[in-house]
């Protein structure tokens, strides 16, 4: 009953968000295409790079296309469905969680569902398009790819909860949260095999980009379901930790009063 | 002359203060550069060691990282000129700015130049610290640095013209953000910001030298690693190509501006 | 049964300045009050008096530092989800309507959020009644951004009543709205309070609102209750001096409160 009711709620939000986007069709289209174009630029860089150096650290053209397909589709899926979590630090700092707390729904899923992002849909479409058109997978690879993009989306959602929850503890944490995010995105778009030592450790903990740019492309390359499963487990762990941070932070939520009281 | 210099210094001071006013933003740019340069270092370290060569495209690993430091600093310093012109056109504040004694495009270009040079110096200083920490210093020649400075100024001017073209197209296009994105991404990839032109596939390199993009980024920075014997000739060739672009782009801006003015006087902005 | 009951309700905020410096500020200082179901209460006080903080504790948004709060028999902080099913809230600047879509779409979403059965007779009759009473029919399919402020607020209040709440909290509902529309809103709120037995908890800076809607006034300042009395009782505080203050006519009927308010506000 509960799950069904949340699915219905999700459908309702998607419907409304879609209608809203359709009020501004051309803006939606241009934002959507902008993201596709932006990602294509990076793909072009890698194609040029691997044209000159065919293999670096076990990575070739096909691998880097796979990497970008996973990273952008995973990120896109997460941001497309849960865009509010993307700006969580700002929402918390400005006391905008209030509105969401007035509804009889679990706060995090409801907040997450509340806003869709058209640029993120561009990322999602780019990822799937690049994978299908450039890598041309067989059915099993494609199934694994779908699984991995969902896992990466879960990972990004958990990561967003983690970095956004900083605002509960620090108040103004937008810059820090953004830098953390930026580092995550950047590391997520370069082969993890480039890094070693303590940086590698960071990539599976603090900046969990290893679960985006490390395990998934390797899993697809070897068609190794254990690795894919490991990615899924890592994603769930990050989601769990992020939810925990949020739950702990919510206890010390001060709403928008902090600002008012300074005057 | 003295007065102009004083004005410029005043503008630079204000810009510099604005650049430092938000410690969060400084921290942000620092982190950005640190992460990006660290990743580039790792990528090129692997590439150099696996290709078994000490020099690629005439650059050692340290020189490659310095190349990328400068191109990133240039990239990050671009003010939002195109968006601003677009906004001026759309909101009609262009009509108000037309009253100023200075011509609108020239005013945009000079303000853009001032702001960009300050931002660039600042980013470069930040980037240089990071590059020094990562790979240490490289051998630099005074005359190459001077030539770099001159051609970077020209490159910024060219980029300003590019932004103006995108911004002014708001007179005819419903939305210029797409064009803006295409322009900046082409600069990024074809300008050699991420990878020097000498590492492009042959056909692509032969093609892009006929486009303005390489002279916005790659051309100037490339001078640093040009052998001493070819330096003067390379600089001269670059300057001629940049000037040719300058003439072509200025003509395009002038044409657009003329057409735009006609529309403004017809519709009242 | 009490709609709202608090005992020594208190909220302290920790203000952070830099990394180590901390300062504690008391926003709500041991407030005890009881509101019976069906009452209409004006909860007033100057800016920063602790109104919003109290309301946020009563709705479970903020966790009280100490003291007790019960709303409709529930602990707001621990039983927030159950509580908010039974309360409606209209918070001035934060709309629950989607700006770029017609109110109808927002109503449909709210039905989903509150798990209301959109096909049921009960829901349909409720919606019809709200549309009729709040006169929404004319702009039900117009994007909210194209509505006047008065129309928006009518739609806003109707939206917050869709799930049949027993308690309605309103924070400055008439701010920025023109005189005629404002009068209409007051009538509507008073009507719902009288006819549907809805408990109304209202904050406002507008004495006209207070007089038209409320039958009881609670005035707080510096987080403490200063006055808690019926409208009539408040009217007889101090000597009526309205004739020489030259206030707009609709305020003259409540001269003493106006005096008390202005005294308090200036004494701050």
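What to note about this one:
By letter and in written order, the chains are A, B and C; residue numbering begins at 1 in each of them.
One rule holds in what follows: a residue touches a chain if its C-beta (ideal position, glycine included) is under 8 Å from a C-beta of that chain, and two chains touch if they have at least 3 such contacts.
Model, not experiment: these values are computed from the prediction.
Shown here, the protein chains touch in a chain-like sequence that does not close on itself. Farthest from chain B, judged by the mean position of CA atoms in each chain, is C.
The chain closest to the protein's centre is A, with centres computed as averages of CA atoms.
For the pair chain B and chain C, the distance between C-alpha centroids works out to 55 Å. Distance from the chain A centre to the chain C centre is 38 Å, each centre being the mean of its Cα atoms. Chain A and chain B have Cα centroids lying 31 Å from one another.
Residue positions of chain B with contacts to 2 or more other chains are absent. Residues 5, 8-9, 12-13, 16, 19-20, 23-24, 96-99, 101-106, 110, 170-171, 251, 253-255, 257-258, 260-263 of chain A touch chain C in their complex.
Those residues of chain B that touch chain A in the shared complex are 24-25, 27-28, 31-32, 35-36, 39, 42-43, 46-47, 50-51, 174-175, 177-178, 181-182, 185, 188-189, 194-195, 199-201, 204. By the touch criterion stated above, chain A contacts chain B in their complex at residues 26-27, 30-31, 33-34, 37-38, 40-41, 44-45, 48-49, 51-53, 55-57, 174-175, 178-179, 182-183, 186-187, 190, 194-195. Those residues of chain C that touch chain A in the complex are listed here as 13-16, 25, 27, 47-48, 52-53, 56, 59-63, 80-82, 84-85, 87, 89, 91, 94, 96, 98, 100-101, 105-106, 108-109, 112-115, 143.
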